[in-house]
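Can you keep this structure in mind? I'll have questions shortly.
Chain nomenclature is as follows: A, B, C, D, E and F, assigned in order of appearance, with residue numbering initiated at 1 for each chain independently.
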Amino acid sequence: MTDHAPTPAEPRLTHLRDDGSAHMVDVTDKQVTKRVASAQAVLTTRPEVVSAIFDGTLPKGEAVGTARIAGIMAAKQTSALIPLCHPLPLSKLDVDITTVSPEQVRVVATATTKGVTGVEMEALTAASVAALTLYDMIKAVDNRAVIGDIMVLAKAGGKSGDWSRS
Amino acid sequence: MTDHAPTPAEPRLTHLRDDGSAHMVDVTDKQVTKRVASAQAVLTTRPEVVSAIFDGTLPKGEAVGTARIAGIMAAKQTSALIPLCHPLPLSKLDVDITTVSPEQVRVVATATTKGVTGVEMEALTAASVAALTLYDMIKAVDNRAVIGDIMVLAKAGGKSGDWSRS
Amino acid sequence: MTDHAPTPAEPRLTHLRDDGSAHMVDVTDKQVTKRVASAQAVLTTRPEVVSAIFDGTLPKGEAVGTARIAGIMAAKQTSALIPLCHPLPLSKLDVDITTVSPEQVRVVATATTKGVTGVEMEALTAASVAALTLYDMIKAVDNRAVIGDIMVLAKAGGKSGDWSRS
Amino acid sequence: MTDHAPTPAEPRLTHLRDDGSAHMVDVTDKQVTKRVASAQAVLTTRPEVVSAIFDGTLPKGEAVGTARIAGIMAAKQTSALIPLCHPLPLSKLDVDITTVSPEQVRVVATATTKGVTGVEMEALTAASVAALTLYDMIKAVDNRAVIGDIMVLAKAGGKSGDWSRS
Amino acid sequence: MTDHAPTPAEPRLTHLRDDGSAHMVDVTDKQVTKRVASAQAVLTTRPEVVSAIFDGTLPKGEAVGTARIAGIMAAKQTSALIPLCHPLPLSKLDVDITTVSPEQVRVVATATTKGVTGVEMEALTAASVAALTLYDMIKAVDNRAVIGDIMVLAKAGGKSGDWSRS
Amino acid sequence: MTDHAPTPAEPRLTHLRDDGSAHMVDVTDKQVTKRVASAQAVLTTRPEVVSAIFDGTLPKGEAVGTARIAGIMAAKQTSALIPLCHPLPLSKLDVDITTVSPEQVRVVATATTKGVTGVEMEALTAASVAALTLYDMIKAVDNRAVIGDIMVLAKAGGKSGDWSRS
């Protein structure tokens, strides 16, 4: 299924123990600090579908709100979805959904906790599930839509310090 | 948050009712048929990280297997994650994880059901969560990795007939 | 904790076996038919809070949509919440949220399945959780709000035939 | 769907941002204190059904115990059910179920946490789901039963201080 | 971690594909039939703890009922707990908890479905989680209690025909 | 269902209140300390099935890894499965799966938290669900396999001090 050779400088994946088996790494003694992470996902579809999502003419088109709530609720399930993620109590969560071009909708999720591990996975999960929810609502009119550019935008707090993709 | 004007040809989103409110559409009288869908997600990272994921040297490196199980388990939670998705009983699920270039890992999920709606969302959810699980395991060594090209590859069964991207 | 005497005409609860222990009753051989149920819950609060919920002035106030999605998602979790409920595949779900008086918001949920048992519990769960979600959003401005009148409005399908509260 | 005009004194819902979109509000910097809340729900049915619930003649009638466990387990799922609720660790939970009149069963749930937000929603969710579970068990003998008077009875702890409905 | 040599007659695990990777096997075309399975778990503790569980003196000791409900609710989560299990709709579930010796409590769970796969895993999960729930309630008085003899007792329906241990 | 007489020295189950009803006990004021617990479960089957599980000949046989992930994910759901368990944030989790005799596979789970209650139930749940997952994968080749010897091996931290089964 794969034929590449191991690279000499192959980094160590901390989620695998010396024998290669998976585990939840030890965060018991890490410090409780405020940690923030933001991540995005981008849905690319046809311009008229982007219009339908944002629903310029209807007073209460709920496509965007539905995706936002899906993202918020998924973020709270992150440790149930991602096997080696530690559970942590989210203390704030925002999901922003905007058009960034005539055919692109961008979801940005920002998660905050006061805890012992970062919240990148929560932000990524929120953005991804919000984008999947948008896809679900448009798939009948554009099943060729694509979700991409899922990435961490910035994080703050924790031992590794603040960081932002530039 | 958005300033585009509604397009005349704006398609109707079936998940929204006439007043714009969201609902689960009626599939009560749709026919029970065998339905298959496959979808993918692609993780792009550094070549040595791809090597670490596939872990050429260790006898039982579980990174790939962990992502696969995460994808399978997430697929079964699709209707709990995507608000307007109908619950349906998956009858088969495969998640394949391979390298497609020195810096890219591709997840392909194929879902099958005998039911009244398609399983694109299950396949997309499996592929996305498997890719997020890979990201979780590598984020300590490459927090700039990107997940993209999430799309449906093919579907079969149901009224709309067979379809495959190409 | 209770001192009433048993009534001679005390009805038998089918969810309890002869020795009084709880179980999931047998629906194996019941017929698969289309079944519909609708149920409501009513939130009573101050008029200005009702206005804030429906948010007359803002373009995209999401209070109502958030409650609707909460109700839809909860309906799909009914058998996980109510211990003796059978799991069944919802094929349609609508949640309508309207003002019925200056100080009352009414949630009506209508659930449909093609299955072996009725969907009253799904409709009741959707209406209740939507109302609780509204309460959550207004509790900072009216912690004395009350949820009541939770009841089944009508049901159709199944052996017991159609029924509607008049 | 609603035609009331916004009231001048319309309060601000903190769960909605300035543009009306929903989010999980920021509790990151709130103080960790002991917080208690109690809430109730009341089921009204026929007297002989109340008797059947409390099951005066059977040695181990489990109707009440089943509803209690349903309430306890639902309380732990509150943040998964109510979209904008913060997850918090319950440190104590009691659910009391008593008759308050020949045709009324009252559920009182009392939740405690040491956390940054109140536990009203946990107490309300426990009481509501326990009452729905009672309804589920009696619906075959009284489908006209009604659940009402769902309200917070008292809360203690947190910045807003102690409060009790009188 | 293991040093045994592969046995020549090593059976094929159907949940693993030819390359050893896990998947959910294909049950799409299996026939829908009535399927029943029963399974047990046995908790061994001190005689006075067995007495406390069955609580001879109290009118409504809920230890046994709590374990029963835990088992019933866990059975409905089987496909969410066991990665390669197919979801299926339970149509009946009984959990019986009895003393089988002064120091042993036996849980027997019997699950029924009308579906395409057997329900052994549902019965085993119900029995195991009911026994774990009993352990949870007694661990403060006997942390040396042991759960064992978890096994399938009988199954009926499906292509492989009826079967019963003995 | 049981005919034993209550023993004079019958211990008090703290999960039951004076009237016998179940509740989540109060841990609000217990101290946050590091707590560790390990527990095991043992699967007994035929030697060639043990070989198939460990899959000596295939490069990536995922049976063991799948069971491990199932155990880790179940541990995070412990308070959702065991009705009276308090939710707590796991900070580390290891699941080791080894052969201990030609026909026995032993699962040992070790859980850690910084919290107010012990993590025995998390360790027991991880070990049990991992063993059930192994059973699921082998049931087609040995439906007479038995899971037993589920017990706590050691615990550390908390008021009751360190303890280990000798």
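In this section, a contact is a pair of C-beta atoms (placed from the backbone, for glycine too) under 8 Å apart; a residue touches a chain by one contact, two chains touch by 3 or more.
Since the model is a prediction, treat every value here as computed from it, not as a measurement.
Chains that count as touching both chain C and chain F, per the definition above, are A, B, D, E.
Each chain gets a centre from the mean of its Cα atoms; the one farthest from the centre of chain B is D. A turn of 120° superposes the CA atoms of chain A on those of chain F, with the angle given to the nearest 5. Because chain B and chain C share one sequence, their contact can be compared position by position; here under half of the interface residue numbers appear on both sides. Residue-numbered contact pairs of A-D overlap by over half with those of A-F, the repeat interface among A-F, E-F or D-E. Rounded to whole angstrom, the centroid-to-centroid distance between chain B and chain F, based on C-alpha atoms, equals 32 Å. Counting partner chains per residue, chain E shows two or more touched chains at residues 1, 19, 21-22, 60, 62, 64-66, 68-70, 73, 77, 83-84, 89, 96. The part of chain B that touches chain F in the complex is made up of residues 60, 62, 64-66, 68-70, 73. Within the complex formed with chain A, the residues of chain D that make contact are 17, 21-29, 79-80, 83-84, 86-89, 115-116. On chain A, the positions that touch chain D within their shared complex are 34, 64-65, 68-69, 72-73, 76-77, 89-96, 112-114.
Within the complex, the chain F residues that touch chain E are 1-2, 4-7, 9-16, 19-22, 47-63, 65-66, 69-70, 73-74, 77, 81-85, 96-99, 102, 120-121, 124-125, 128-129, 131-133, 135-152, 155, 163, 165.
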